[in-house]
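Below is a structure I'd like to ask you about.
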Amino acid sequence: MKKLNVLPMIALTIMLGAVAAAMLIPILLTFTNSLMTEQEIGRNYDLIGQMTDVAAGGKDAFVNLKILPDWLSLEQYTQLLIFSPKYLRMFWNSAAMVVPIIAGQTVIAALASYALAKLRFWGRDKLFMLYIMTMLMPFQVTLVPNYLVVDKLGLMNHEAAIILPGIFGAFGVFMLRQFMAHIPNAYTEAAKIDGAGQWTIFSRIIIPMVKPGLAALIVLLFVDYWNMIEQPLIFLQDSAKQPLSLYLAQIDKEARGIGFAASVLYMTPLVLLFLYAESYFIEGIQLSGIKG
Amino acid sequence: MFLAPSLIGFAMFYLIPFAMGIYESFTDNAIGGTFVGLDNYKELLASGSFRKAASNMFLFTGISVPLLIALSLFLAILLNRPLFLRNWLRTAFILPLVVPVASIVMIWQIFFDWNGTLNAWLHHYGMARVDWLQSDGSMGVLVVMYIWKNIGYNMILFLAGLQTIPQDYYETARIEGAGRVRQLFHVTLVYLTPTMFFVLLISIINSFKVFRETYLLAGDYPYDRIYMMQHFMNNMFFSLDIQKLTAAATLMVGCIVIVVTGLLRVERRFREFME
Amino acid sequence: MKKITYAILSFTLVFGLVACSNSSNEGNGQQTPSNQTGSSGDIGTNSGVETGTAGTGGTKSPDLDAKATVVFSTFWPDDRFKEAKKKYEALHPNIEIKLQNVETDNSHLEAELEKYTTATNTAMLAGKGPDMLELDLLPTDSYVKHDLLADMGEMMDQDSTFKKEDYFSNILDGARVGKGLYAMPLSFFLMGFTGDEKAIANSGVKVNDKTWTWNDFAQTAKDLAKTDGNTAAFSYPANYMLSEMVKDNYPLFIDKANGKANFESASFSGLMQQVKGMVDDGVIVEGGRNSYFQSTQINSPWDYLVSLRENGENTKLFTKPHAQDTAEGGYFRSYRTIGLNANSKVKNQAWDFIKFMMSEEIETPPESAGIPINKNNFAKQIAELKKEGTVKAYVEGPLQGLEFKVDEAKLGELESFVQGAVHAVAYQSDKIGEIISEESQAYFSGQKSAEAVAKLIQNKVTTILNE
Amino acid sequence: MKVESTQPMQDKKKRKIRLIAVLFIALLVICTLLGNTLQALTLPKVATIQSSKGALVHSYQGSATVRSEMERDLLNPMNWIVEKLPVQVGDKVEKGQTLVEYDDRSAVQQLADEQSALQKLELSMKQLEQQYIQAMQTEDEMAKSSASSAIELAKIDIATQKSHIQIGMGELEEHRRIVAPFAGIVTDVNAVVGLASSGEPDIRLANASAGFRIDLQIPADVAALMKEGEDLDVLLSGEKTRILAGKVASIEAGDGPPVDEDSDSMGGNQTAVATEKLTVSLQDKSLQGGERVKVQILKSNPEEEILLSNQVILEDNEGSYVFTLEERQGPLGNAYYAVRTPIKKSDSNGSMTAVSEGLFEEQQIIVVGDHAIMDGTRVRL
């Protein structure tokens, strides 16, 4: 191991710190603004999208960017948590959809990607190509056919209409396949010589080796499905079943007051999950014993 | 056996709709349409707005995706080294990923609105206001938004990818006398190829997603510099012109497929090299 | 490797199965888990249509005895429809009308509307969706273009029980798209100007509202403003005025065939300056101050009397100026416009219900919003107003609930206006007009220069034209 | 790289995150489960009533005694002692029938005295005539004229005395008894046998043919809706319960608290209601007068207006107002707020108020009760 130079490290830290701080401003804003009262938010941001007449002082009219609230208030939070039972219900709706999707897709994608990465069969790369292509299709294109499929399956207005397509998403397959492609074939060949079957190879060698990938997949899937908008919009007409993301898709002018707190609560599970999973995909694999 | 469960579901929910979608692009009406061959494509290519949307998209992707990948890879490598506050910094870069669209839009509005903060600063220094999202610089605004949001995403992927490179490769390289730069190019980048391939595609897909924010900020007919493929498709959807929409999507996917095929070939070579 | 073959086999199987069911599954009255009526936020994409008989294909014999459910989707909840539903169901116990609407509040209107449109579009494109839709907020033209709506004009012609002469044919014709009548207006509003007849006569400026175009009107307005410096000629926001003036000179700015817009031109900046000049000279004002003309929308005969009176005792309704290349005649805006899903399996029942809603069975007091399409209902309203002799203005309005006499002569004039309205004003404003009025606001408020605004408009309109 | 060395730190961090996650989820669960309770703790729960259109009903219920339209008090003019009382209250009497007989002994005695005085006068007359004859004989002119005038004087005295007696006899005959001046019903007897009258009329006699009436003190709000000549049914209470047809004879402004009245209906708290005197005439043969009758008046205001219970109406120095319930819909569910709505009262009775301005039909009005509600207060139902 190389001797570490402390000085460049400090310089680098400071440099990256500055960039990070700049990137954090929007999040900081979201957080501090969530502690403002509704009136204060209204006062600060009511000029957005307005064309004030120059004669009426429009030349000097600017949105009041405020980082610190005039005084701290939990008004937005109490509004949401106590007086809007629907907010919480939508939160649980989201959770009830995202958790099965993640669990399902991770398992199914791990299996499929193993086949696509490590097994050899005719048309493998073409099939993989198909997976990729469907991922690229914009949602508007598949909206109508999807509607027909869901309708035929009798899943309309049912959570399964969101969860099932989620479970079979191509993203996990694609991602894990890429991670498995990393693993030198020498590992699997060695195992095969030792007499291990495909299943053993998959569960004993491949899975531990793509653990960082799995962790990253879980985080990214969580982000994707926590934020999904189009599918629930079309397939869940019953507003009692809709997830939180639909509410947060757009905060209109009048609802700015609680939008920030809603965003903060919405982000919290994501942040926690990320912080938790971070160690997994960063701690790395200690598999250096096996020679490549 | 490994593939079956995925394949069934995938076929049902993705492949069939996908095939139906493509089929639509060759018909003349959503319901009971007849096969018209390439008419939709001809019409599409004749549309100036489509060409503009396509070129904007190529421009945007061409600028922002390489930039994003370079930046996020750079960050990932830096953050993979011992560093003070490393965990904190890493977290800071990833957080933008989790901010919901609603509050992002709010915040970008605060910055980029005609009465927004950026203009307030300009005004303070005696300069004229700029209508950021309606100027030729609007594409730049979009690039900033895109990178801000996605740098964490790619960083996660790269970090995870970096972890899968066995340490002994580096040691072998070091023993062979390779310098830092050589290590980067001959070990890190080479072994990151599958990840890179993945990141590249995901970055392209995510670059389509900037649409949602732009749409909420600038509406369905933004300044033509940021009139993207997604705007075109969205407007087609709302005028129920599914044929043009699917034709446009098919063309777009076709272009990406060409790129992907190239990449897959590169990847295959990499694999052969591994074996 | 064998397993993989299995996988591919099963994959093809599934593909085939679903594909088959796609093509063969249309007629057998299947039912999807349907929304509960009344649950909040229902959007009208439900396809839960039950038909007892399959023989509803022909348009000749409406099989109204069969049990059927007609799904009727609206964006707003509407008491009038609820009432009609109740009455109709009482008359036809076999038929259930299922009303669906979106619950929203003002702060989420736009987002909800977009969701509603997306969901309805998808369902319609999939050949499903509600049997009847309220089209006021939906892209009717696109639906028509893609044959998603049934032509009620044809149904009208074939239905011997439907007496065409009972309805305002000018409105029905004005609501047609091409030859077909796809959106049935149950009622409509009149768009016009109110003006102080006496003051205009005193000013000596000649007004010819029968034939005037927006250009003529602008000239008249200038003449009027000259005669009295304190009274503006017209109260109307400048950006909308500009948008109307552009429509008036459409070919000058827009070349649709070649996808070219011509806003970065001397004529457009001239037009902008002209409108701005009118604002600066006090020819047009934005609300508030008194003016010779105001733009107005007449919602009902009662509203006609009240809104005329609100603007003074000598106020008269004037025809709205028309665009230069359109025929003379007044403007109307249809209200409660109903469309019939071309893929509905209960078309006959739905048409019967629409007919019912147009008929005299539905009570329409003179105060209710929307002038009824049914002539007899309209006549009843007029008769009722005449009988009552007085009307009471809005308590919250500027007249503070003043009660005043019904002017029968004025009511007579209304009839001629109703008969003379031939141009339909789209419920949603068109995109180009919207862009012009929105972008030009920055110019009229002094924030941006005329050139910058013209450039933006040019830029965006070009995009639209070339789509 | 020193991955291993960071391991314990990683674990610590993970534990911390797990703790935060648990806390966060617990917070949300608590809020979900206890949301209603928390709302209950912070928001006043209110009841509402729906405003509806209707006619305001003014009601009055009371009872009164039937009086004859024509009633005569028969007095004992001489203040004699009652000797006989052949009639009782409620007796029907014919015209000329004796009602009371008085003890007339003192009058008879007095008359006898008068008569003896007359005799004395007549005797002295004879004396004077003799004196006159003497004077004629003596031709004493002087005596003659004085005797003649004395005779004239005596004649007058006698005549006076005679008429006196005449009158006295007539009076005696007249006052010895009271006879009914018309056919009617004895409604009151104050005379007591053996006693002189107490100053009140001894007998009250009602004329059966002239009809009957009742007097009522009714609240002014009810009176305002009544007009003279209007029909009004009254209920005859007692053994023979039946309905009598009455007619409003007169409405006069009266003062003083309601007399003879059970209560104003439905038990609103009564505070010095202005009253008016209502006279109702009754034509019924079977009536005798003196019966108790019950009267119920239900009058609805002819104008249909929004009716509200008085308990929801509040007043302050800016006038009357109510709190209406406003429902604000949102994607996160509906919230309810109290909105101060000024109203104009047009009419009211003890329990209800008609509102002419400020409200529409089918609005939800909050029953304030003892909640501290202000304009804009969020409430729950």
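General remarks:
Order as written gives the chain letters A, B, C and D; numbering starts at 1 within each chain.
The rule is short, and it goes like this: contacts are C-beta pairs under 8 Å (C-beta built on N, C-alpha and C of every residue); 3 or more make two chains touch, one makes a residue touch a chain.
From a predicted model like this one, the values you see are computed outputs, not experimental measurements.
The pair of chains sharing the greatest count of C-beta contacts is A-B. Averaging Cα atoms per chain gives one point for each, and the point farthest from that of chain C is the centre of D.
Chain centres here are Cα averages; for chain A and chain C they lie 41 Å apart.
Computed from the mean C-alpha positions, the centre of chain A lies at a distance of 82 Å from the centre of chain D.
Averaged Cα coordinates give chain A a centre that lies 15 Å from the centre of chain B. Annotation for chain A: residues 51-52, 115, 119, 143-144, 148-149, 239, 249-250, 255, 275, 283-284 touch two or more other chains.
Looking at chain B, residues 1-3, 7-8, 12, 15-16, 20, 30, 82, 87, 114, 167, 236-237, 242 sit in touch with two or more other chains. Touching of two or more other chains is recorded for residues 4, 8, 18, 22, 103, 107-108, 118, 125, 127, 442, 447 of chain C. Of all residues in chain A, those touching chain C in their complex are 51-55, 58, 115, 119-121, 123, 143-144, 147-149, 151-152, 154, 156-158, 233-234, 237-240, 242, 246, 249-250, 252-255. Residues of chain B that touch chain C in their complex: 1-4, 7-8, 11-12, 15-16, 20, 29-32, 47-50, 52, 114, 129, 131, 134, 221-224, 227, 232, 235-242. The touching residues of chain C, when paired with chain A in their complex, are 1, 4, 8, 18, 21-22, 25, 32-36, 39-43, 45-47, 103, 106-111, 115, 118-119, 122-123, 125-128, 441-442, 445-447.
Remark: chain D residues 1, 3, 6-7, 10, 13-14, 17-18, 20-21, 24, 27-28, 31-32, 35-36, 38-39, 42-43, 330-333, 335, 378 touch chain A in the complex.
Per the touch definition, chain A reaches chain B in the complex via residues 4, 9-10, 12-13, 16-17, 20-21, 23-24, 26-27, 29-30, 45, 47-52, 60-63, 65, 108-109, 111-112, 114-116, 119, 125, 128-138, 140-146, 148-149, 153, 164-165, 167-170, 173-175, 178-179, 181-185, 198, 202, 209-210, 212-213, 215-216, 219-220, 223, 227, 229, 245, 248-251, 256, 259-260, 262-263, 266-267, 270-271, 274-275, 278, 281-285, 287-288, 291-292.
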